[in-house]
Every structure is written in C-alpha cells, then in structure tokens.
Amino acid sequence: MRKLAIVLVGLAALALVVGSPLPEPPRAAAELLINGAGATFPYPIYSKWFDEYAKVQPTLRFNYQSIGSGGGIRQITERTVDFGATDGPMTDEQLAKAPGELFHIPTVLGAVVATYNLPGNPSLRLTPDILADIFLGKIEKWNASRIQAANPGVALPGDPIIVVHRSDGSGTTYIFADYLAKVSHEWEQKVGRGTSVKWPVGLGGKGNEGVAGQIKSTPGALGYVELAYAIKNQLPVGAIRNQAGQFIVPTIESTTAAAAGAARNMPADFRVSLTNASGEKAYPIASFTWLLVYKEQTDEAKGKAVVNFLYWAATDGQKYAADLLYAPLPPQIAKQVEAKVGQLSFHGKPLLVAR
Amino acid sequence: MLKSELAGASTAERLSVPRSLVPGRRRGVWGDRLYQAAVRAAVLVFVVVVLGIAALLVYAARPALAAFGWRFLVTADWDPVAEHFGALPFVYGTLASALLGMLIAVPLGVGTAIYLAELAPFWIRPPVAFLVELLAAIPSVVYGLWGIFVLAPLLRSWVQPGLARGLGFLPLFQGTPYGVGMLAAGIILAIMVVPFIVAVSREVLLAVPTQQREAALALGATRWETTRLAVLRYARSGLLGAILLGLGRALGETMAVTMVIGNRPEIALSLFAPGYTMASVIANEFTEATSDLYLAALIEIGLLLFVVTVAVNALARLLVWSVGGAVKEVRE
Amino acid sequence: MSRIAVRRATNAAMNILAALAALVVILPLVLILGFLIFRGSTALNVAFFVHLPTPVGEPGGGMANAITGSLTLIGLAAAGGVPLGILGGVYLAQSRDRRLPWLCRFLADVLNGVPSIVIGIFAYTLIVLPMRRFSALAGGVALGVIMLPIILRTTEELVRMVPASLQEAALALGLPQWKVVLHVVLPTARAGIITGVMVAVARIAGETAPLLFTAFGNRFWHRRLDEPIAALPLQIFSYAISPFDDWHRQAWAGALVLISLVLVMSLLARLATKGLYNRRGTYG
C-alpha cells in the first residue's frame, strides 16, 4: 500500500516539481511571459526579434505561436493572447466584434511568392491570368501552351500541376486571394478574398511552414508562401507580371517599391492593401504585416512590455528584417507607427515612456 | 459482503486482535460515511464530466445548429468567406478513410488474432501478442511523422503510378499522384487500428470456453475446423464488437490522418485525391476560426464526431460484453 | 483426393494464411519502429535534451522545454485523474447498486472511444475561454479526462479480483469498510492499479490533438501553470510539417524520445501484471 501511496503522491507532486524545470542560466528572477499568436508569414522575423529582444530586456519572454492570421484575429478577439498578428487586415465587422478598440501596428513588409518544385528548378515568368487560372484549376499541366508561351526556351514537363494552398486561416492566403481577386474577375466571383477561402483545386498545408514543406517534398507542386520560406528552403520563385507590364522577381527592393504608393497616403489605421501596386518596379503581391493590440491594455506590466517591444521593433528591430528577406518599414511609416504606439494606454494613461 | 456494523467489537476482542486495529463503532461509521461519500463523489464527478462534454458541445454548437439545421450534414459547401458551412465533405472523408482502413485492417487483424489465439505454436504466441500490444501504444503523431516522410513519398513515386498503370481504368485509381491523400490516410489508419483489432479480437477468442474446442477436437475436427465451427461461431458477436471498436478508433483518429490526407474539403471518387476528415478539420481550423459561426460549425463537427463515436463504441461494447463477461478490457 | 486429405489441406492452408496475416501485420510495424529508431538515434544529441528551440530556420537548439512541459502535463493530468479514477473504480467494484455502476462502466468505455480532439474542445470551452488564456492547466484537464476511464476500469477490474474471503476476513475482525479498502483491497490490487496508471500515462504522453488548443505550445520554459506550455507531441507535429531540414531531424529525435517514454511505460505495465495474467490463464 505504501508503495502505491508513494507512486500517487509522486505523480501528483510531479506537476509541482517539474513546474520549476532545470534552470537554463542565465535566468532573471522575475520573468514576464507575453503570449502572442497569429500569422505564420512574419514568423521567421518575429521569432528572431523575440530572441534579440530577450537580450535587450532579459526579464521578458515573448512566446509566439504561428497558428495563422485567422487564429491571430480569433485569439486576440477572445483575449486569449496578449497580442495577435495578421497579414490580412481585420474587416470592419471583425473589429466591431472585438471587446475593445484594436490597433493594427505594421511591423515589416513581405512578399507572397509563387514557388514550385520542378526538375532543375528553372526561373519561371508568370502572368496574373496564368496564376489565377492555375489556382482556378483551369490550367492543369506544366507544359500548357500559355505557361510555355510566357517562358520561351524553358523545358516544361508534361506533369500535372499539384497546387498547394493553406489549410488554415491565413493572412498569406488573404494577400494572395486579394491579389487574384484584383486581377481576375472570375476569381473575385467564384472565390473572393479572406483568410480562408474555398479553394477550387489543390492540397492543403498548415501554415507557411506546411505549404513550403509540402512543395519541397512534392515534385510538380506549385504554391504560394512568404518569400523567406521559399528562399530559406532553396525553392525557386516565379517572376510575376505587374500592372506596368514588367515581370518582377520578388526581392526586398521590389517589395519596398510596392509600398511606395501607400507610404504617401497611409490611412490612419494602417489597414491598406499593397497588392497589384502600380509602380514600375513594384512586386505585385506584397503586403504589410501587422501586430494586433488593444488600445486600452488590461495589464499594466504586460502592456508596458508590449508597447516597448513595438517601439523597439519599429526602430532598432528593423535592421534584422533584410537578413530574413523582409522589407523594413519605409521611414515615414515607421514614424507614424511610433506615434501610434504612443497612443496605447493603461487606464487612459499612455504606456510609452517618452524617449 | 458483510457490513462493518455486523462485526462486533467483542468478537474481535475474543480473537485477540491488536487494539489499534479495532476502532470504536462510531469512528468506524464516521470513516465509512466519509469513504462512501468520497467514492460516490468520484463516480459522480466522472458521470458529470461525460454528460458535461455532451452538454457543452451542444451548447457551444448552438449558433451553427440554429443557422444550418440538418442541412449541415448534407451540404458540401465549406466557405468561410461567405460563412456557408456544410459538413458533408468531412463526413465523407471520415467515412471513406475509415472504411478504406478497415478494409485493409479487418482481414489482417482478425486473421492475426485467430493465428495468435488458436493456430500458432505456443512458443510464438506471447512474444507476438506482446509486440502487437506495444505497437498499439505508439502515438498518433509518430505515425504521422512516418507517413509524411516515408509513406507519402513511397506512394507518390511507386505505388500510385503502379496502380494507375495497372488499374487506371477504374475511377478509384485516377488522377494526380499526390502521395498524400485518401489512400495514404487509409493505409495509415489500417496500420494504426490493426494492433487494436488484434488485441481485442484475441481477448474475445480467448474468452471462448475451452470445452467448445475440446468437443470439436474430440469429434475429429482439424485445428481449423475447430476454430471455424466451435470458436468463430461462438465469438462472432464479440469479433464484430472488436471490429467496431477499431472502426471507432479510425473515425476519431486525428493527428496522423491530418498529416497525410491532404486537407481538402472535397468529395472525390479517386483514392489518390486529397480529402479531409472531421477530426482533422477541427485540428487545423479550430484556433483560427475567425467568426463565431465558423467556430460553432467546427464545434458542431466535434459534436457529430462525438455522437458517431459514442454510438459505434456503445454498440461495440455491448457486443464484446456479450461474449463472456471475462473479456479483458483492452486499451490503447 | 480423399476427404480427409482435403480437410488436412484446408487446415494447412488456413494455418498458412493466418500466419501470413500475422506476418503482414507485424512487419510494417517493426519497420516503422526500426526506421524511427534509426532516424531518431542519429538525430539525438545532448543539445536536444538541454536547449530551448532556436528561432525559425536557425539550426541547433533542442526540445528541453517540451520534455519538461510534457512531464508537467502528465503530472497535472495524473494529479486529477489518478485519485478520481481509483476512488471511482473502487466504488464500481464494490457497489451493490445496479444502475449507477452499470451506467458508469458503460460511460467509461464509451468515453475511452471518444476522439481526444473532442475532449480538447471540451477543455477549450470549459477552461481556456473563461480564463481567457491557453494554459498548462487546460491541457492537464484534457489529458486527465482521457486518463480517467482507463484508470477507472482497470481499478474496478483489479479490485473485483481481490478475493471476497480476504475482505470478509478483515471485516469480520471489525475493521470498518474504508480501512479494509485502504489496507486490504488496494494493496492486494496494487500491481494491477499501477499498471492501469502506467497504461493511462503511456496513452496521454503521446496525445497531440487535445493539446493543440489547450496547452498551445511555448517556445520557452513555462513558469506558471496558467500559461501556455510546450509539449513533446505538439513540438513534433509542428516540426514535422515544417519545411526546415533541421526541424525534421529534431522531429525524429523527439519521436524517439516520446516513443521510448511510452514503450517503457507500457513495458513496465506489462511486467507488473505478468503474473496476474498467467493466473487468469488469458495471457500466454
């Protein structure tokens, strides 16, 4: 009997004992954990930021779960996280449902790229209508005449195109679908835009990670992911024809160029679409990505931490963007973001300490 | 069993039991009341939890129940943008993948159980049975990992092209060989439920009274004839129960299937095509359902899954119980 | 061919078929296990056990927080599930009431078959939503509910096997019922109950689905039980579907660690009851 009791007590105690795990030095006495969730699109830069910021503010831990933009919107609305993240701006209806006023804080810019898995991984040129028709299921083979016509001299296999899309609610999907809706009437009618849409064809992968993983392991696959996910996994990216008729390869520069127009007249709430931008050198499927925070914070310590982090991200943090293939915020927008962050408050009192 | 009140202290004294072991009557009654209250409370907590799960699911699914009614089950439209939710593709995907899995798993599982319980040489039985039960304990996510990195590539480059060449005239084996898809889900489900079916079937067969076999053997039946006439006939309903228990597992299996089925809400005849199951749509979309109706629709799918698995398991238990009460509980 | 020859041949054929079925069942399972051990062991290193995960795409790091997270979750689940399950099991075995025990037994078996993800939804609506945060607690409750029926039923069965004469002897000595249970019944059934607990722990250790929206995952050590917490199966899942080779490697390593934990638990459970099964003539 005694042994049984010991086992039981032991199991019960396990919770408490393991509750304070092996310390990993150096470790600050009072740590504050800030929880965030949402977009997978900026996950590489965010996880870098949180790692770097832990060196600036050793008492803070930012736990970010990349569950998709839909999840970011859902969880911040439910207040189950301290901040959300999305790359598809929330709709007015969604904002109205939130229990408090939500701010969209742009952090960086990214590009959604068409990436694929073909023998030799040739550089492909894609027109908006080809892209739309592939995702509508109207172009089914790699060597379809229209793809071949846009890519003279490239040996395309006769294999079927295996379309890979997101299975979860996703801002990457929003950006991509928003672009297709702007360039294809049929897409707008049949599918529309949203963080989850009804895909006419293809396989679903969970997160940018899942889609990139699926493409990497499936010969003949084509899908859309954030630029960083393609480059970091040595996947080729397609050049897309923009409004000005140029085939533009997604890069940091062409992403920045897409923001040039928006930078001149940014709406006060930062909810702006950059897709199908008009500039000569603009990559057409680019977007801001936003963190979602309540204007009125409910916890002073956490609120302070979030606000300081947001300020750091808009200033010092920007230098990490390029390494991870995100475009930093244009300077005038960074200034506007700093001002916006200054409006975040606890009991009506601004949380940002003037610098 | 005797009640404590019936055992008088005087009897104990006469038997010279140490005083410390013999409590006063009142203390004993008090302790027993507490004990009775504790065990009863434990059981009640359990019953409340089970009923609570059902109640909470219904409660949380109300918006979707009200908005779609029975149409939810028969419409195939899963469109989060327009907020049209129909569960048919998930119901189909769940049933199709589970049936495919069972088609593979049942003959193999029951055959193995028969071998282990009736036909195999005695020295083989314990280690193999032991191995099968250990394999039943491998977590779903590990099977999924294997599915992504071993099974899917294998299917894509060898099995599916082969099937398409040989049997491509059947609509079942047409279309793009994705690797992941219904076939992969079916195979992984089969691998996962087989140990389970073997374990329960074997227990059912072992519960058949030995006299049954001895009678048949005494009449000159061969080993197989004994099995067929005396054992299988007797254990029929129990075996059906074992199969249903396996089916219950297959219907609710989540992670491994999510990782290999392709996650696409579509009803396609081809086994190569990607699909989606009720459990995997919850796993993928639950944290990111942006509207209340979307979340309620997912919870309604959970409710549906709950009802279906409860029904299947209830039936299975009744069948298994019908073959001798001595059948050992088998767990994952 | 004579009739007896045909019958003999059928017998032999069925023997072979059944043996083949067994072989077809065992072989892939052994292959999976072998492959896992191969991939996992080449990927395991010390860093895996002592380091936190690195930022996305950077190689290195480990799953130390996920291992302690899983242990914490198991501990939480056991803290609730084990005592409740044992108490309930004793009641089921000893009650002379007809309806409630039957209902419980039935509910337990049925609950055991309910998909774990549904129990995850239960924990989400019951705990995560009102608390407004994902937490280790919610994960522990979900896992505890999964444990409950297993322990309930094992305890019941094992307590039932304790000879009535033993209990009657104790009662005849004037011991109150609760002391009989505590000092006679439970110790006699001890090995079996421990087995049940270990089987239950083995099962919940690998559960992923109910943790997706309760425990939620955490890149760091957890400090408190009302905060999100990492878990080994969750980490394996998110690494497995990712595109990063180093994460794939770690997913295999994680799977090996997880499976070792589960198999050791199952093995211990098996050994603890070996004698028991032999006595009942249903094992080996």
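Lettered A, B and C in written order, each chain numbered from 1.
As a working rule, a contact is a pair of C-beta atoms (placed from the backbone, for glycine too) under 8 Å apart; a residue touches a chain by one contact, two chains touch by 3 or more.
Just so it is clear, the structure is predicted and the values come from calculations on it, not from any experiment.
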In terms of touching chains, how many steps apart are chain A and chain B, taking the shortest path? 1
Among the chains in this structure, which pair is joined by the largest number of C-beta pairs in contact? B-C
Where chain A and chain C are represented by their mean Cα positions, the distance between them in whole Å: 37
Dist(centroid_CA(chain B), centroid_CA(chain C)) in Å evaluates to 14
Where does chain C touch two or more other chains at once, residue-wise? 83, 241
In chain A, what residues contact two or more other chains? 37, 205-206
Touching at least two other chains at once: which residues of chain B meet that condition? 148, 287
What residues of chain B sit close enough to touch chain C in their complex? 1-4, 6-9, 11-12, 15, 17, 21-23, 27-29, 31-32, 34-36, 38-43, 45-47, 49-50, 52-53, 56-57, 59-60, 107-112, 114-116, 119-120, 125-126, 128-135, 137-146, 148-150, 191, 194-195, 198, 203, 206-207, 222-225, 227, 245, 248-249, 251-255, 259, 279, 282-283, 286-287, 299, 302, 305-306, 309-310, 312-314, 316-317, 326, 328-329, 331-332
Okay, in this complex, where on chain C does chain B touch? 7-8, 10-11, 14-15, 17-22, 24-26, 28-30, 32-33, 35-36, 83-85, 87-88, 90-92, 94, 96, 100-101, 103-104, 106-122, 124-126, 145, 148-150, 152-154, 157, 164, 167-168, 171-181, 199-200, 202-203, 205-209, 212-213, 233, 236-237, 240-241, 248, 251-252, 255, 258-259, 262-263, 265-267, 270, 282-284
Give the list of chain C residues in touch with chain A in this complex. 50-52, 54-57, 64-65, 68, 71-72, 74-76, 78-79, 82-83, 86, 128-129, 132-134, 140, 182-183, 186-187, 190, 193-194, 197, 216-225, 227-228, 238, 241-244
Which stretch or stretches of chain B touch chain A in the complex? 77-82, 148, 152-153, 156, 176, 178-181, 258, 262-265, 274, 276, 284-285, 287-292, 295
Could you pull out which chain A residues touch chain B in their complex? 37, 67-75, 94, 97, 160, 162, 167-170, 191-199, 202-206, 214, 217-220
